[in-house]
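Below is the structure I would like to discuss, written out as structure tokens.
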Amino acid sequence: MTTDAPAVPPADRTEWTSDELMTVNAARALAGARTCFVGIGLPSAAANLARHTAEPGLVLIYESGTLGSRPTRLPLSIGDGELADTADAVVSVPEIFNYWLQGGRIDVGFLGAAQVDRFANINTTLVDRGPDRPEGRLPGAGGAPEIAANCGRVLLVLRHSTRNFVRKLDFVTTVGHGAGPGDRERLGLLGAGPTAVITDLGILRPDPETSELVLTDLHPQVTVEQVRAATGWELRVAGEPAVTAPPTGAELAALRALRPAGRDA
Amino acid sequence: MTTDAPAVPPADRTEWTSDELMTVNAARALAGARTCFVGIGLPSAAANLARHTAEPGLVLIYESGTLGSRPTRLPLSIGDGELADTADAVVSVPEIFNYWLQGGRIDVGFLGAAQVDRFANINTTLVDRGPDRPEGRLPGAGGAPEIAANCGRVLLVLRHSTRNFVRKLDFVTTVGHGAGPGDRERLGLLGAGPTAVITDLGILRPDPETSELVLTDLHPQVTVEQVRAATGWELRVAGEPAVTAPPTGAELAALRALRPAGRDA
Amino acid sequence: MAEIRSLRDAVADLIHDGDTVAMEGFTHLIPFAAAHEVIRQGITDLTLVRMTPDVVYDQLIGAGLVRKLVFSWGGNPGVGSLHRFRDAVENGWPRLLELDEHSHAGMANRYVAGASRLPFAVLRGYRGSDLADRSDTVSTVTCPFTGERLAAVRALNPDVTVIHAQQADRAGNVQLWGLTGVQKEAALAAERVLVTVEEIVDTLEPRPRSIVLPGWVVTAVAHVPGGAHPSYAAGYSVRDNGAYADWDPVSRDREAFQTWLKDNVHDRSEPQ
Amino acid sequence: MAEIRSLRDAVADLIHDGDTVAMEGFTHLIPFAAAHEVIRQGITDLTLVRMTPDVVYDQLIGAGLVRKLVFSWGGNPGVGSLHRFRDAVENGWPRLLELDEHSHAGMANRYVAGASRLPFAVLRGYRGSDLADRSDTVSTVTCPFTGERLAAVRALNPDVTVIHAQQADRAGNVQLWGLTGVQKEAALAAERVLVTVEEIVDTLEPRPRSIVLPGWVVTAVAHVPGGAHPSYAAGYSVRDNGAYADWDPVSRDREAFQTWLKDNVHDRSEPQ
């Protein structure tokens, strides 16, 4: 994706990929957060970017047991050595889940997903590929069910397509807002649950009344119709959706400096 | 207490106190053990002596979180710095109780006691001082209930008197053999429970049929009548009690070398 | 991030009349200086929590500030009884002392549950002991897989936990090493955390056998060198066993205790 | 005390057909060399336990040795799918693979219960997730104090746990550092423990951020430098991210996989 924004020096290039757009907006969503439990993949890119842009003091917590990691490059996995070497503290995996996550100490849980439904519930377990084909296997739950249950709020980041944004999940791995208002309380889930889903097309947020995800923000040059076409349910739009600010040169430079040459997030 | 044993060089003095006799015999009871969870006080003296005499490879475990401590002097408390400095590993207090003690990894639990009854149940909580006086307060349970419940076997060491060896405990802090055979199984207690009570007069062991403590060993020059007089119940004697071997010069020298000058165990 | 404050201000702001307060440190790193500041400020009606009350709680109890004690072993390690504790329990002097009494394993697991924000913890404990009958924080649960009945202990979540550590950096990150006892659990179980430290350093160098509490789970840090005396801080001091022994005659006698309290606590101001 | 043995002998003696085996290491210190020795010896019908099956279990599954997998996240970290795992689950190739699937928090607590010799562990988890319906090792318990219903997970007690560590001494005491994951719990939960190490040293020097497993809870130690490759051993090697990426095309194709297996495992003997 390109833009017609005026030319700037090379360090501030205003040309970006849709993944970069997504990651930059995901990083912005961390402004004001103190601590973030970071899922593998896109969330890790966004959370690391936020440390260089929107929220320099952000404390990154990885399920491999690191508290306060400050990697200089994006880790390929959540257990890369630099996450430990740069951390304020390293603890065991049981401890990170029991004392730190379940202990209710984390402001934001940042997750990816394979499928999301209109209540921001998540499937990362399996996909139904039709009656004649075996179920397709996904990686599984990882830390997500308890991350979504125990953080102050949850952010999701994933690419927008009808494959990912579905009318009905093939499997509920992780509860977002359940079947709607009151369900988190009924299930005993702490925190506000998902407050934003950041995609390569825009941002969806739960309607305060119904908890249903509605389109609140479009990325520059994206249309409501494009987003609706990429969503598996009849997506509602919150009045006139805002348009997200284009990535700044500083954001793009910081993101690109983080990325190991030749690697995707 | 003195003995008429022949004179030996100063390093092998054959004169000993009744506490030394008790500690030496307690240390001997650790022969063959691999790991010992060490209670505060007399047990610590005995277990440390065993490392220098009966069982040089004995692994000492203290509830303060040390595995494999090798103090050169007897620690005054179970949290002295040398216990940590000389240990193979130092862990948290929850871990020592959950993973190491409850984990069933310890051969011998070594305990002291304020009151013991005929089934080797222990009171370290309070004493009834009669109708007109308030209950007398003892230190409390510490680690004892779970030490006695989870070790392969339990050794007790305490001075012999009718105040300590009582017909009925004023409070059951820690279960030894409960009300007799089958009680440990019924209560779900693991291990064999108390297998010996070493005192300054001799050694009591549970009768294999009734689990009642009977006198099996007398220390040199102690009589059955002396022990019976110091016991609050009608103490049975196992046939002809054995007589414990007098402390060797090496045992006494090792014990005295451990003891900080001017301090009791 | 934790604020670095004077001990006086930190105690005044964090600890209030009626609070449930845990001061932990298993023989090592006992926060005596903070306890003395509590005595000087006369903060009272406290529920005190500690596995081993030790001399530090004997002093607070003798000072009449304690309504209830939650504990598992109340002796003077290697010396004998805690006489102020006994006098309060046996004679109600200077006030009645309510007890909630556990085993060490039970107390440790109560803190674990508190740090994990679970309402209870499970252990194989208390079986056959009279302890369970006297506490309303011990119960049982049944394993849904095996049917085995196990002990359940209620979570401990103090209003304030106070610990002493070797070092903090200027952002309030705290490192302690050596015997680290149950301090991490006690701190993470609490609403507010006060840490007194031997030293404030520019950068915490990771140490063997250490634990680190990030500044964002610590409320306040106070620089109090020697703040664990007569307990000790590995690398900075050794345990003053003589002071523990000397406590015995002082604490046996109400008047001797009161004189001690005046001379050694009330008439001494905070060390910095 | 642990015996120091060759990897071949240790694997042959400790791991048997039909065993439940946990090979742990969270990205770091994954015991690849030991897994390859299991493949060479054709030890089969295994129930494999691991939070993150990773490439190491993809290889064992592809080799047809695995009856059941107990896990919580089965991807190639930073790369994509585990194709041998998917082929087994989706197509039953080379054999059907039974699954017991959990969340990370659930698996971690299953090991904690196993290490603690409790029949279950309690957590605030699985709420509303379909995971609980598909596993007979997830249930609920009710807090006897508050009435809250919480998840209960059944303890994991493997027959054998295999881990890789940086160092052992000659008595078989083991030290590992850096990300230490769930290795202590996995080791203490098991009946038998095999540790491969980068180095055997005269004396273990305590390190920051390390854990020590005393030799008396370790069954066997094998000296296997590089035994974690393409995972890594902090202080000895870095993660071979390229090898993880290269695994993707190899594992997508059954024949390519079999060629890889022959060339890289079967035709290579134990490295020492």
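A, B, C and D are the chain letters, set down in written order, and residue numbers restart from 1 in every chain.
The working rule: a contact is a pair of C-beta atoms (placed from the backbone, for glycine too) under 8 Å apart; a residue touches a chain by one contact, two chains touch by 3 or more.
Protein identities per chain, from UniProt: A, B = CoA-transferase subunit beta; C, D = CoA transferase subunit A.
Everything quoted here is computed from the prediction, not taken from an experiment.
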item	value
Shared chain contacts [subunit A (CoA-transferase subunit beta) and subunit D (CoA transferase subunit A), defined touch]	C
Of B-C and A-C, pair with higher C-beta contact tally	B-C
Taking each chain's C-alpha mean as its centre, the one farthest from subunit A (CoA-transferase subunit beta)	B
Averaged-CA centre spacing for the pair subunit C (CoA transferase subunit A) and subunit A (CoA-transferase subunit beta), given as whole angstrom	41
Inter-centroid spacing, subunit B (CoA-transferase subunit beta) versus subunit A (CoA-transferase subunit beta) (mean Cα positions, whole Å)	59
Separation of subunit B (CoA-transferase subunit beta) from subunit C (CoA transferase subunit A), taking each centre as the mean of its C-alpha atoms, in whole Å	29
For subunit D (CoA transferase subunit A), residues that touch 2 or more chains besides their own	112, 116-118, 123-124, 148, 184-185, 209
Two or more partner chains touched - positions in subunit B (CoA-transferase subunit beta)	98, 102
Interchain contacts, given as pairs of chains that touch	A-C, A-D, B-C, B-D, C-D
Residues of subunit B (CoA-transferase subunit beta) touching subunit C (CoA transferase subunit A) in the complex	40-41, 63-66, 75-81, 83-85, 90, 92-94, 97-98, 101-102, 125, 134-137, 139-146, 149-150, 171-175, 178, 183, 187-190, 263
Subunit C (CoA transferase subunit A) - residues contacting subunit B (CoA-transferase subunit beta), complex	26-28, 51-52, 71-75, 77-79, 81-82, 85-86, 89-91, 101-105, 108-109, 111-112, 123-131, 148-149, 178-182, 184-185, 209, 211, 232, 234, 238-239, 241, 244
Residue ranges of subunit A (CoA-transferase subunit beta) touching subunit C (CoA transferase subunit A) (in the complex, touch as defined)	34-35, 59, 67-68, 88-89, 98-99, 102-105
Complex contact set, residues of subunit C (CoA transferase subunit A) against subunit A (CoA-transferase subunit beta)	112, 115-118, 173, 184-185, 188, 204, 211-214, 216-217
Touch list for subunit D (CoA transferase subunit A) against partner subunit C (CoA transferase subunit A), complex	116-124, 137, 139-146, 148, 150, 152, 154, 206-210
